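In the two complexes that follow, subunit A is the common piece, with subunit B as its partner first and subunit C second.
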Partner chain A sequence: MSSGDSISLKGSTRTITEFFEYSINSILYERGIYPSEDFTVVKKYDLPLLKTHDEELKQYIRKILIQVHKWILGKKCTKLVLCIIDKDTGDVVERWAFDILKMDYDNENGDDEDKDMASVKIDPQETQKQIRSLIRQITASVTFLPELTNEGNYTFNVLAYTDAYAKIPLNWGDSSSKEIENGENVQFKSFETEDYKVGAQVSYKQSR
Partner chain B sequence: MGSESEDTVSFTVIENEKENITSLKKGRSAKILHDIIKSKITQQDYNSQKQVFETALLHHDNDTLDTYMEYINWLLEINFKGPQNDILLQVIERCLVEFNHNIRYRNDPRYLEIWLLYIDSFYMDALTEKRDMFIYLFRNKIGETLSIFYVEFSKLLFAMNRYDECYDFLMIGIQNNAMPNDLLLNSFKDFKVELEANGIVITPERNMEERNIDDMLLKYGNIKILDKNLEEILKQGPVHTMINQIRSSKLDIHVDDNDDSIQSDNKLQIFQDDWTNWETKSSKLKENKAIVTPLIPNTSIEPIKQDIKEIVKPSDKILIFNDDIGRMKPIYKTILIDGQKPQRIDYNFDLINNGADEYNLEQLLAIMKGCYRKRDTKRELDAEERPLKKPHHSGL
Partner chain C sequence: MDDESDISGGSSPFLDSPDAFVPQPEQQSQENNPQPEVTAEPTNIEEETVPSLEPLVNKDRQVSSLEYELRTIKNKFELERLQSQRQFNQLQTKYKKSLEELDTALDDAKFLHGENYRLVSELETIQSENQITGNKKDSCLQDLENKLRERDEQIKELNYEKESKNSKLQDELTNLKTEKENVDDLVKRYNNEILRQANDINQLSRTLKEKDDELLQLKNSKIINSHPNYDTEEFQELSTMNKLFKEQSQYCKELEEINLKQANELKKYRNTEDSSSFWKQENEKLELKVQQLESLEKNYEDAQVELLGLKSKLTEYNIFTEELKGRDMFHIQPQDVINELELLKKENLVLIDENSKLNINMSNMKILNEELALERTQLLNINKDYENNIINLKKLNYELEQQKVLSFEECKLLRKQLEDLDNFTSNSINDNKEIPVRDNEMNDLIENYKNRTDELTGELKKLNQQMLESQEEDVQFAKKRKIKDTTGMTYYSQRINELQLENSKLNRDLQKYQNLNRLLETKLMKLINLKEKKIRIVELRDNPLAKDQFIKKKKLTLLQQENRELLSQLQSDENVQAVPISVYESLNFDLKQQEQEIFKANKKFARLKEVFNKKSLEFIDVVNSILGFKLEFRPDNKVKIYSCYKPNKHMVVDLRRNTLDSNLEIDNWDQLLQTWIEERDSIPCFLATLTLQLWEASRS
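For the complex of A and B:
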């Protein structure tokens, strides 16, 4: 870890939490989990993105993200998963997983291009660019994802993979990993901050 | 942790083609997409797989409908750029034709699914044709007890603003006790909510209970199918269908003034179409339809800009004819002479006398018509033409 860089860590964490906020909103909109009227266009990462203005949903996402933010800051969270669940059957129909990898540049496994620099500086502009192309990919994935036909009958669940020692608030419970068996997996691009590398993946199953 | 299994596909591979991927209701296999784009599936693989399906169909290995389902799904996946060739259409229609007379499959959800796929994929740009197809299904009692038929049909009718029909068909579905029940009831609820939200009032007929399906058939059956409308079909006389043979009922169709005759069961035989008369789409493929081609990166698809020559624009609005157009008020000349009252000459003095020349009425007429030439007596042979001064006023 580059020497005591708590400022950069805070910055990275904020970038990541913000990314989660926008990607969760985008997914909920794109997949029609909530009615499109509940969303308004905001400009972010130089992209027009949709964000909910439904108070209840906003609060819910906020509550999740505040906790996730704490975990990431404490380097205790390694993965965040957004599951889309069919209310009728309880089946997970889609599973959006975001891996949060700690970047340990002191070891030799840093990226080649960054090796020559003593402490790795990643241009925030570059991070923004990476986030942009990742969100673009997420949005474009509707081309192959199944139509969620049971309209208005889905809900979502957020799972966080944390360290065993992480403090867990009461409103977070243990859960199974809610994997989709025999599903298809698609890996999206990733983005890097100075301390983390965040990747995204979606699993789904073609409806019969 | 990042549990990346072997079959995880990178979206970056697919991304370049993302605009060309036709989405499927049930989703696409990213793996197949990846393999096609990476050319891992060759033409040879394609042909041999196709052969496997064809052979299976030929030998009736398993349930033929199942084979068809697999075949069609495979074709959909493999031709991700949309149905570019007729093979999909041919296979679907082959399947539809094969089972059309089979009562066993009438209410088979798989069979209906293929029908819906067919209507969805090949009639997407023609709502009326789509409705005709649904009515065809309705007349042939395909999907009669399946909610999904009524739900899909009502969605279409709603989109066409045919709210009364939408209501009627949902009611028929409920009367037919179509399964699954809740799907249909939910759809009916949604329909009502939608109506209220849009402030649409429908006038459903009161005696829904008394109404039977046959009446509905008559009501909605009178559409053009095979370019014939109901009356023509009636005139044709008895229509022989397989169903008739099974029922061994009489086929006579009477056209009576008496309304009661409509109730007769025989009458409705006309609604069971003879499949052989049904012209499949592949046989009448429209030559004029533009072929869908994939987008090639960096091509401009906007319309080509036209060279616009400067056109003298007419005035925005077309004038409404009116007797005054082209006419003027009488023109007078007022001569002011000092010390006297002004003198008004009661005709267009300036026109007749423009200072140098004086014209008579014939000359003026010639000037108006543009054929007046001043004769130069001195140089008559010299054909030099001097432009004429145009008269100031066109009227007298």
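For the complex of A and C:
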């Protein structure tokens, strides 16, 4: 990998990590997992977005994203999942999944088509536009998602899908996939960087 | 086979055709016989025309020459006949040879057919044996299935019984639980009551102490005074106090009685608790018993299976002993039986070996059969070729015969021509008058020649037709034979061979594909395992959910501990006045949780306050920017007012004293105050005037 590619990969990873930070914050705010006064408005992607200023939560998200950043750089992370869980029953009520697809343009064994695509540079502005569109979709999804009735009694958890041979720090442990059985799935838009394609989808229980 | 030989003998065209051919030259020769008569005609004419000696001599010469000619022709004919006979003999020998070869081939085919038939019959017997064993196996399986079904039913019944027992026990357990809960509630209530009463007692003891103190004081005062000088009031007080003491002591007694009663009730409840724990233990015991029963059931099933095996063995042994009895009625020793068994085992081994050998032989025979089938088909093909060759040779022979006949005819004609030419040359010199006669003769000769050639061509056509007919007959006969062959067993045997070959090929293919399938399945499993291993799902150990779960778990364990200790304390000592440490711990934990909640609430409040302050400041800023004054509310009921045109100076409004001071250094301050506030009573106008003046001052 040349230095140019490395810079591009780092840039792509930063973009993705940043997107995760804002999307997690947005979801936690929109779904009322944390009180609205814990969030402040910041301008990002030409959008007014909400970001927590609760130190504990900030620290938790930062810890996750630093590790996820490392994994994405090492091409070891394929998916990030945010689960919203009912504290009383322990049921997963919503599952927000972000797929991270590595675009193997530099693969020597790849098709000619891929090689052609390698020459296509993705404009950062275009990526920003796609992210904006995706975040708008996430924000708008509140309209169709079922109401979380047991207000203030929900918590969340972030799962990372990694390669089996990835280096896992000691403060990380194995978890179940926390899938929602017979859940309704809604696929959102995706965005592309020069190295990755990130898709999003939410699954939720049909009737609560 | 006799029929076949007859057919083959009769069908052979070699026997008929040479006979058909042989008479032809004779016929022709017979037909040719009149020719000398035709050729003799001119001599008769000569005899009539020249009645002298010379003609007689000529006649004699002619006769002798004719005789000579006849002899030579006869000789030639004999030679030709002999040659043709020899050729015929040669062809016959060839034909016989080919027939013999055909017979041997047929014999081989017959042998092969017989072998095949035998093998087929063997196969059938083996198949029938296999079927019988299969049927036996099926019946055995059926029996075993029936038994299994019976066992299943028994198990089901036992399960039902077990479930009913379990449900009964569970009902009892739930009843006991509800009882226990009630008891717990009552215990709680009584505990509360006890606590309340203990408090009352404490209070009363405290008052008692106070009274004791008072008494002591009084006693002291009595000692000090030495001369008691009670007033009536003091007496009254003392009497009331005495009364109070008595009442309190009475109350204490009553409380003690109540306490005793409650203790009795507690005892009762403890007894009920004991009974509930006893029932629980009983339930556990029963569950253990049920488990044991299940294991016993399994053991029973195993034993049944074993028993069945032993029974079968016993029946075998009985059969065997009966057989032995048949042979030797009186002297059956166990040793004999063992020896016999060993011998039978050995025999069995030998038979197994033989069976395997036979199997191998069978497979070899099958292979041989396949090879023979192939050879047979090859032989049939060779036979067909051979027959075709014979037919071709016959055709050739026939053509040669025809050519021979034609050459004979040509020879005759040429001789005749030569004779005529000789006659013509001898007579042409003598007589010119005879020319027209000779012309006539020549014409006749030509006509005869023409007729003869026509006849010969007609005969040739006839012969050709006959030949074609005979060929058609041959072809038809051959077809019939083929049909007969195909309708016979040979066709079926060939077909069976082909089918066997195809079957073996298909079996091989099947085996190959099954192996391939197995290989692919294992590969697929490996791939699936690999894929499963590839992804790992991880979470941060210190996550909000885990925290929440941890708190809940801790609370639960603390409560359990508390409950356990309280129960043990109640059971151990009834009149204890202390609480276990776990109660303190759980309360402490609750307190901590509450603190956390308070902390959160405070945080929330602070955040709300921040937001409020922020918004207030925003509001103040907006107001300041519009009105031109900044207000600062001080805690001592004073409000500082800063003008935007002189921010370093200010006015102070004392709301308590209702005063307005300023360090703005305005010359007409008192006048403005007088005009706008005292006279016109309008602070806004005063402030507006002040603002205007300050603005002008700032501009200047």
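The working rule: the second predicted complex is superposed on the first by the 189 of 208 C-alpha atoms of A that agree within 3 Å, B and C clash if a C-alpha of one lies under 4 Å from a C-alpha of the other, contacts with A are read in each partner's own complex, and residues count from 1 in each chain.
The criterion applied here is as follows: a contact is a pair of C-beta atoms (placed from the backbone, for glycine too) under 8 Å apart; a residue touches a chain by one contact, two chains touch by 3 or more.
Predicted model only: the values in this text are computed from it and were never measured.
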Taking subunit A as the common reference for superposition, should the pair subunit B and subunit C be classed as clashing or as fitting?
fit
Now for A:Leu101: first (subunit B), second (subunit C), both, or neither, which partner does it touch?
first
May I ask you to decide whether A:Val158 touches subunit B, subunit C, both, or neither, giving the answer as first, second, both or neither?
second
Touching partner for A:Asp86 - first (subunit B), second (subunit C), both, neither:
neither
Note, angle between subunit B and subunit C viewed from the Cα centre of subunit A, nearest 10 degrees, works out at 110
Applying the document's definition of touch, where does A:Ala140 land relative to subunit B and subunit C: first, second, both, or neither?
first
In the overlay, answer first, second, both or neither for which of subunit B and subunit C A:Glu18 touches.
neither
A:Glu30 in the overlay: touching subunit B, subunit C, both, or neither? Say first, second, both or neither.
neither
A:Asn185 contacts which: subunit B (first), subunit C (second), both, neither?
first
Across the superposed arrangement, the tightest C-alpha approach of subunit B to subunit C, in Å, is 8
Check subunit A for residues that touch subunit B in one structure and subunit C in the other, and list them.
78, 161
The answer for subunit B against subunit A in the complex is residues 1-2, 4-5, 7-12, 14-15, 18, 21, 23-31, 33
Residues of subunit A that touch subunit C when the two form their complex
35, 37-38, 54, 60, 63-64, 67, 78, 85, 87, 90, 155-164, 166, 168, 171-177
In the complex, go through subunit A and note every residue touching subunit B.
78-79, 99, 101, 137, 140-147, 149, 161, 184-189, 199, 201, 204-208
For the complex, give me every residue of subunit C touching subunit A.
533-546, 548-549, 603-604, 607-608, 611
